[in-house]
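Scrolling down, you'll hit the structures one after another.
Here chain A shows up in two complexes: once beside chain B, once beside chain C.
== the complex of A and B ==
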C-alpha cells in the first residue's frame, strides 16, 4: 500500500491596505493561487499542483490560511506564493509562515502564532466583553473536512 | 566534453504550402510551446538554432543537458504551426555535433 504524502502550507495574507476583516473566500484563494501556478509553471505545473490541492482553513480576522498539496508539488506551490500580488480583487501578498507534514503540526503552530497575535492585540481593547469576543473569534479553529 | 545536447528536429505540416517556415518562426513555435507547458519560470530555456534547412523544414537545435527532457516534451506536444495542424519529429539526438 502506497502512502500519499501531503504538505500543509501555513500562510498569512497581507493586504495592501490594512483591514480588520478580510473578505476572502476559500474558493477565491484557491483559484488565484492556481492561476498564478499556471502563469509561472505552465500547464505542467498546474497539473502537478492541482491534484490534491485544497484550502483547508482561512481565518478572515488573523488572515491566516492553510493550504494542502501533495508532497511532490509543494516546492512549486511555495515558490509561486511570493510572486502573487492579487487575491481575487484584493491587492495582497502571501507570507509563508510554516510548511508542515500534518495538519496537527500546523494547528499547533497556528495556536502559538495566534497566542502571540492576541498578546499584541488584547492590550488595545478597552471593554472586557469586547476582549472576550475578540479572543473567541481569533481562537476559533474549525477545519471542515 | 560539452554539456550540450543536439536535437535534429523536422516539421511535418498537413498543408505544406500554406505555412511560412523561417528559422525565427521555427524556433518561436518551440519557445511558445515551452512557455505554454512549463510557464514563465519553467519555460526559461536557452535554446539555440545551429542549422536550418528550409526545403526539408528541418533544424539542428542545441540545448543544455538539464533542459533536454523539457525541450523534447515541449516539441512533441506542439500541434499547430501558424494555425495549420502539424507535428514535430525528433530524428536524432546526440552530445556530438549533428548534421543533416
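== the complex of A and C ==
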C-alpha cells in the first residue's frame, strides 16, 4: 500500500497591532496563502501546493492554525509563509512553530504551547468566571479530537 | 569563550529612538532569538578628508539600559558596518582603537575594486551588501573562495527583501550567485529590520533558504552555527589567537586565605586593582592582549 505523505505546518498568526480576537476563518486563511503562493511561485507553484492543501484548524483566540499540504510541496509552502504580510484584510505575519508529519504530533505540540500561553494570559484576567471561560475556549482544541 | 545561544540575528540597525529599538528587541525575544547585534553604519567615503582626527571610527553607542533590561533573556552585541570605496580604509582600520570595542565588524564595498579587497585583505568578519541601491556588484569565484578560506562570512538580509519586490529580486540574485560561484559556503541570514513587523521567526528564516537556493541544512546553519562561528572569529580578531581568556567581573573577594603565600602573590599580581577575576588556565598564544584583560595562571 502506498502511503500519502503529508506535512502539517503549525503557525501562529501575529497581527501588526495586537488584538485579542482575530476575525480570520479557515477559508480566508487558505485563500490568502494560496494567493501568495501564486504571487511568488506562479502557476506552477500554485498547482503543486493546491493539491492536498487544507487549513485543518484555526483558533481565533490563540491565533494558532494548522495547514496541511503534500510532502512534495511543503518547502514551497513554508518558504512562502515568511513573505506574507497581509492575511485577508489584516496586516499580519506568520510565525512558523512546528512542521510535523502527523496531526497527532501537531496536537501534542499545540497542547504544550497553549499551556504556556494560558500561563501567560490567565494572570491578566481578574474575574474567576471569565477565567474559566477563557481556559475553556483556549483548550477547546482537545475536545475536537 | 563567551557563551552565546541560538538563535542569532546579527543585524538590527541602530535607531536613536530607544523606544522603537526596545520594541524590536522585545519582538525578537518573543520569536526566540537569544543573540542579536545592533548595527551602526559608518560611511568611510563620505568623511571629511581634510580634518585629521586620531580615530575616524566612532565609538560604539552605549546601550547600557537595554543591556541591563534584557540581561537574562538576550545577548546584545555591537556591530559596525563600514561603507567604503577604496582600499585606504585598511590603513585607518589598523590604527583604530575604537574598532576593537565592537563585537563585529562588517564591510560593505561600493565598487568592484573594493569588493575584491573586501574578500581578500579586509580585516573584518563579514561582507554585506547594499540593499537600497540595487545589487550591481556580484562577487566573482576567486574572491569568494579566498573570502571563505579566510573565514569571512557573507550576509543576506531578509528584512528589506520582505518589504520590497525589487530588493527581493536582487537578494535572490545575490544568493544564487553564491550558489553558482561556490556552492554557498559561509552564509548567514540576518534581518536588517527597522520595525518589529519585519522580524521573522528563526524557523521561518531557515525556510527562506529555499528561495535563496540553499539546502535545508545550510539554511538552519545560517541562523545558528555559522553565526556562532562568526562570533568566535570576531572574538579572535579582537583579542588575538586564543582559546580562553580571563576577564574581570566584579569586586575582589578572597574567600580562601589558608595558603598565605599564594594570596600574597595574588595580591601582588592584582596590583591594587579592585576587581576579581575569573580564573582559568590561560593558554597563551604569543599575541598581544588588550590591557583590560589580565592573564593569570591558576595555582
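Things worth noting here:
Note that in this section the second predicted complex is superposed on the first by the 141 of 145 C-alpha atoms of A that agree within 3 Å, B and C clash if a C-alpha of one lies under 4 Å from a C-alpha of the other, contacts with A are read in each partner's own complex, and residues count from 1 in each chain.
Following the convention adopted for this analysis, a contact is a pair of C-beta atoms (placed from the backbone, for glycine too) under 8 Å apart; a residue touches a chain by one contact, two chains touch by 3 or more.
Computed from a prediction, not measured in an experiment: that's the story for all the values here.
With both structures placed on the common chain, the touch criterion links A:75 to chain C but leaves chain B unconnected.
When the shared chain is aligned, chain B comes close enough to touch A:44, but chain C does not.
When the shared chain is aligned, chain C comes close enough to touch A:94, but chain B does not.
The partner of chain A that touches more of its residues, comparing chain B with chain C, is C.
Overlaid on A, the two complexes show chain B and chain C touching the same residues of chain A, namely 40, 79.
If you check the complex, the residues on chain A that touch chain C are 16, 40, 75-76, 78-79, 81-83, 85, 91, 93-97, 99.
Contacts from chain B toward chain A in the complex involve residues 35-43.
Interface residues of chain C facing chain A in the complex, by the touch rule stated above, are 31, 158, 162, 168, 197, 200-201, 203-205, 207-211, 216. Across the complex, chain A meets chain B through its residues 37-45, 79.
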